[in-house]
Amino acid sequence: MLFAQTGVLELVDGSCKLQCGETTVMCSVTGPIEPKARQELPAQLALEIVVRPCRGVPSTREKLLEDQVRGVVTPVLARYLYPRQLAQLCFQILESGEPEELYSSKELSACINAAFLALVDAGIGIQASFASVCLSILEDGQRLLVNPSQAELIESRSTHVLALQLAAGAKKVENLLLLESYGDFDEQTLLQVLQTGEEACVKTALELRKVIEQKLQKDFVWR
Amino acid sequence: MSKAVEVRPMTFYPEVLARIAPDLSMQRHLSLGLRPSLRASEEFRNVEISDGKLSCASKETVNRSGNNILGSNVLKCGKTMIVTSITGGVVEENVPVEQDDEEPALENSDADRASQFGCIYPVVEVECGRAGAPTDEEMTLSQRIYNCFLHSGLLSKEALKVSVGVKSTNADGQASIQYPDEKDSTDLAKSFKPRRKWTYVLYAKIQVFSRDGPLFELCWNSLIYALQTTQLPRAFVDERTTDLKIPVSMRGRSAAIRETFDILCDPVKFQPLKLNAENISFASNFAVIELDPEAQLPKDDDDMQVDSPTSVLLADIQGEAEEASVSSIVSVVTGTAGNMKHFKAIGGDSKITLDMIKKSIKLAKLRSSDLEGKS
Amino acid sequence: MAKEIEISTSEAKFLIEALRQGLRSDSRKFEETRDVGIKFGKDYGDVTVTMGKTKVHCRISCNIAQPYEDRPFEGLFFISTETSPMAGPQFENGNNTGEDEVLCSRIIEKAVRRSGALDVEGLCIVAGSKCWAVRADVHFLNCDGGFIDVSCIAVMCGLLHFRKPDVTISGEQVTIHPVEEREPVPLGVLHVPICVTFSFFNPEDAEENIKGESNNEICLLDATLKEELLRDGTLTVTLNKNREVVQVSKAGGLPMDALTLMDCCHKAFKITETLTDQINEELKLDAESRNKYAALLSSENARVS
Amino acid sequence: MSTMILPGDEFHLESRENVLLGPGAYCDPRNQKVQPVTAGFEVVTETKKNVSVHVEHNSKRYIPAVGDLVVGLITGSFSDSYRVSLSNFSTPVTLSYMAFPNASKKNRPSLKVGDLVYARVCKADKELEAEVECVDSSTGKDAGFGLLEGGTIAEVSLAFCRELTFNGDYPLLSLLAKNAQFEVAIGINGKVWFKCDDIRHTMACYRSITECEHRTQSEHKSIISKHFKTLLNSVP
C-alpha cells in the first residue's frame, strides 16, 4: 500500500519519497544547522517547516498543514539535545491524490509518515517512532475505510487523520499525537475510528520499519 | 575565599511569575487544586453576544446607503471581544457542464458530499497593535474555520443560488421589480428565465480584540451567531438588458465582444440566509495537563495525603500561564444532539486517554446546548 | 542567498588545475552534458526531469479564467520557478530575490513564454469573456548545477505531455467535457526551445586576461554545482530544432571572444537536436504505454468476422 | 552486526546502575529512562565497572564532540581567534590564536580565510560554540595539526570516516597506497583531505573514494584500478 525510499536527495541531510495510495510526497530534512537570529530558541531545537503544494503558489491551506505537522513532530523530537540550533523540514507534494480545494487529509497523513522517514534518515534525535493513517466513513455511515482512494474520499461522510506515537518495536501505542476529524460523525463513530485507526497505524509503522531496514543496509554497504 | 553568598529566594507576583515561568506557575496553581484563571477545572467562561446593529438588514433601520454588511455579531468572552461582519457579492457561475434548470444536477449526485455545500471565506485579524502581513496564527485560524465550515454542511449550495427578479418600467415610466417566487408577481416575472446563473459569495471578517487564549472556538461561535442574523439582498436584472455586442478587431482577428450588464442588488428587499438548522454547531476547547511531582508546593503534613490525580482536564483555556504551559489540546465542534462536526486532539507532551476524550465530548455537548440557547 | 556553500582555496585550485589539464571531477569531457532522465507521472502534464544529480519536477495545470482586457483573444500562461530549501539549504524559503533565482526565472520566461512556444491564442474559448489559464509549476528537488537547462526541458516536456479538457461552444453556451466523457485535447506547442548553459573559467589570474593576449578561457558545458560556484562567466543560449536562436543571456562575468559565441551556438545546436529527439521519443513511449489497449481496439486493425 | 534498533524501542539493559551513554542514546530527564533516539545497530559493551551503550548509525550532519579530529575551513578571522566551519551551514566553531604550538601574544598564526586546517575539538557543550585547537595540549607540539596545504577534499558520510580512521585494517587506504603515494588527513566531520604530487593521481583518488563509499568492499579493488587506469594512461 505504501512505497517509500530514503536518501533520494543530495544536498540535504535526510530525505525520503513516499507514495501512499494516489498521494506522493517528497520530504527533506536539514539540521541541526545555524538558525537565523529570529528563529533561535534558547534551550531547544527550532523547527522551520515548509509545505509546498503540487499546483499553484503556497497559500493558507499549506500554512495549516505546516501547523499540523509541527504539532505532531515537536513532542516527538529530542528537542533539548540541540539547543539554539535549527532543523528545516521541507515537504513537496508531488501528487495530491484528492481535490485540493476541499480536502487535505490524505496529504497530511502522507506528510507525517514522510517526516518520520526523513528525520530518521537525517539522524536527528527522535524519542519514539510515530505513524499516521487517514480514515474516512462512507455515506451510509457503516463502512470505515483506511487510506481511502480519491473516489471513496469524495463520497465519505467524514474524514479523519490519526497520528500515534508507538513504542516497543512499533507494537505498543504510547500516545495519541494527532486526531483531526472533519464532517458529520458522532462519539461512537469517533471511538470506532480510534480503534480501527490504531491497528492501521501499527501496520503502517511496520511498513515504515521495513523501509528503515533497507536504509540501514544501504548505509553500511561499504562495511 | 569569597565570603559565603547567601541566596535569598526570589519572590514574584503571580502575574509576573505567569509571564516568566508559565509552567511553574501552572503547576503551583494545580497543586493547590486551582487554575491560573481561577475558574473550576470544568467551568466555561460566560459568553455575551449582540448583533451590534452593524448589519444593514438589522431590525432597526440602519441607514441603507453605503452599509454593505449583511450580518454581524459581537461576542464577549472573558476579556476577549470578537466582532464578526459578513459581507457578500454576486458572481456569475460558469457552469462546467451545461444543465437545464428542470432536471436536477446529474453530475454531482448526492454521493459527492463536500462539493454540495457552500462555503464562506473567513479572514481573521488579531488586533495586537501591529499592522502588517497576516501572522501564521491568523492564517491557520482562517483556513481551519474555512475547512470546518465547508465540511460541517451548515450552508448548502442551493441556499446561495440567486433567484433573479426582473425590473420592468410600465407605460408611465414607473419602475417596479417582481421576483418569480413572490406571490403577487406577474406572469411576466414567472416566465423570465435567465440563461445565466448567479450565486452569492459570502466573506466573513473576524476581528479579535485583547486576545487571551486559544481563538478558534471563539471565532467559530461568533461566526455561527453572525450567520444566523445574515440577510441576503434580492437581485434583479433590468428588463431591457440587451447584451450589447461590441465588434472588436485586434491584429487581424475580429469578434463581437458581448458586453453584458451585471446584475443589481435590491437595496430594500432582503431574504434571510437559509442554514441547515440541524448542522448548527458550537465549539469548545479543553486541555490535558499532567501534575509534575517536583513542582508541587510543600504540602503541610497535616492534611491527609489524597492521591492527587496525575493529569487534569481543563475546560476553556484562558490567560497566558495556561496557554503557554499546555501542549495537549482537545477542540470539539458539536451540535446539541451529539452530531460532531470537527474534532481535533493534539497529543503534545502529556497523554490524552480515552476517558479524557469522552469527558471532553460530554462537556462540549453541554456547552453547545448552553450557547445555542443564547442566540 | 543568505547562507552560502563555502569552498576552500585548495579545492578551488585543484579544480581549476584539473580543468587546465582537461579533467572534470565526474570524468566528463568539456562538451559532454550529463545524461537526461525524463519520467512522466500518472496524470497528464506531470513530469520529473533529472540531469545527473539535479532533479526537477514540473506540474502543468489549467482552469477557466477571464482574458486580459487588452488581449481578449489570448489565453493566460504562467510559469512559476520558486526554489525551496529542499533543493539545498542555500535557498531561502519564499525569498526569490537571490541573483541566481531571478536570472533563472527570467531566462525561462524569455525562452518559453515570451518566445511564444505555447500558442496562447489557441487557449481562447469565448473572446473577451472565457479562456484557458495554463499554469506551469516548476519544483526544484535537488540542486547540482544546471537549473536553467533542466527546468526548461521540464516545462517543455510538461506542455507537450499535458492534455486539457475538451470544450464545445454553441453560441453562448460553453460546455466543458469531463475527462471521462471526452478525450482531453493537447496544447498547441509551436516550437521546443532548449536552453544550454556554458561556463567559462579563466585559468590565468584576472589581470592578464584583461590585456587580452591569451584568451584561452576554458569553456564548459552543463556545469555541476561545484563548477558553477567557481566559474568566472556564464552564457545561456536557447535554440530550437529548426536552428533558430530563441534567446541569448550573457549576464556579465568574464568577457569572452566574440567568435566563441558562434561556435557555442553550433555546439548548443547539436545538443538541442539530441535532446529534442529524446523528448519526442519519451513522449511517444509514454503515449504508447498510456493507451496500449487503444492499439488493440483501434479501427485500423482488420475487422475480425 | 548486532541487532537493529529504532527510536521508541528498548535497549537490552538489565542492570540499571551507571550506564555510559554513547551517541544515539538519550536519557529522558523526566522519567530517567535510557532510550535510543536514532535508527541503527545497538552496541552494548559491558566492562567491570559500567555498561556503555550506543547506536551505530550513519548520517551526514556532523555534531562537534570533544576529542574528534576534524578538517575545518577558515571562514573568518577576528581579533583573537579564527572562525572555522566544520560542515556547510552548521554553526561555525572558534580556533583561538593561542591554540597553536609555541603561540604567544606577538607571533600570530599565518592562516588566511579559505585555508584548510586539521584540528582537534577541545570544547563542545551543546549550549555554547564549540572550540578547536591546533596543538596537542599534552605535548605542546603540533602533532600533525595545522594548515593543510594544496590537495583537495572528498566529502563522505560520517560512519565511513570513522571506519577509515579507527579500523586499521580497512582495505581502502592500503589499496589506494598501492597506486599512488599521497598524504591524507581524515576528519571525523565527513571531510577526507588528501594530496598527491600529480593532479591526475589526486583526481583518481578523489573519484575512487567518492565511489567506493557507495559500493561493497569486494568491488573497491576494481573501482580503484578502473579510475587509475582511465586517468593515468589517457595522456592528453
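The first chain written gets the first letter, and so on, giving A, B, C and D; residue counts start at 1 in each chain.
Criterion: a residue touches a chain if its C-beta (ideal position, glycine included) is under 8 Å from a C-beta of that chain, and two chains touch if they have at least 3 such contacts.
Please read all numbers here as calculations on a predicted model, not as lab measurements.
**Student:** Count the smallest number of chain-to-chain hops linking chain A with chain D, moving only between touching chains.
**Tutor:** Minimum number of steps from chain A to chain D: 1.
**Student:** Most remote chain relative to chain D, going by C-alpha centroids?
**Tutor:** For chain D, the chain whose C-alpha mean is farthest off is B.
**Student:** Quick check: more C-beta contact pairs at C-D or at B-C?
**Tutor:** C-D
**Student:** So what's the Cα centroid distance for chain B and chain D, whole Å?
**Tutor:** Here chain B and chain D have centroids separated by 55 Å.
**Student:** For chain C and chain D, what's the span in angstrom between their mean Cα positions?
**Tutor:** Inter-chain centre distance comes to 39 Å.
**Student:** Provide the C-alpha centroid distance between chain B and chain C, rounded to the nearest whole angstrom.
**Tutor:** Spacing between the chain centres: roughly 44 Å.
**Student:** Averaged over CA atoms, how far is the centre of chain A from the centre of chain B? Could you give it in whole Å?
**Tutor:** 28
**Student:** Could you list the positions in chain C whose residues touch two or more of the other chains?
**Tutor:** 3, 89
**Student:** In chain A, which residues are in touch with two or more of the other chains?
**Tutor:** Residue numbers touching two or more other chains: 30, 33-34, 165.
**Student:** In chain D, which residues are in touch with two or more of the other chains?
**Tutor:** Those would be 89.
**Student:** Tell me the shape of the graph of touching chains, choosing from line, ring, star, complete and other.
**Tutor:** other
**Student:** By the document's touch rule, what are all the touching chain pairs in this structure?
**Tutor:** Going through each pair of chains, those in contact are A-B, A-C, A-D, B-C, C-D.
**Student:** Tell me, which parts of chain C touch chain D in their complex?
**Tutor:** Checking each residue of chain C against chain D gives 3, 5-6, 8-15, 17-18, 21-23, 25, 27, 89-90.
**Student:** Could you please specify the touching residues of chain B with respect to chain C in the complex?
**Tutor:** 94, 96-98, 107, 195, 248, 250-251, 253, 255, 257-258
**Student:** Within their complex, state which residues of chain C touch chain B.
**Tutor:** Interface residues on chain C, with respect to chain B: 64, 71-73, 121, 126-130, 172-178.
**Student:** Looking at the complex, which residues from chain A come into contact with chain C?
**Tutor:** 8-12, 15, 22, 26, 28, 30, 33-34, 36, 48, 50, 52, 54-58, 88, 90, 92, 94-95
**Student:** Over in the complex, which chain A residues touch chain B? Could you list them?
**Tutor:** Residues 60-61, 63-64, 66-67, 71-72, 74-75, 99, 102-104, 139, 154-159, 163, 165, 175-187, 190-191, 194.
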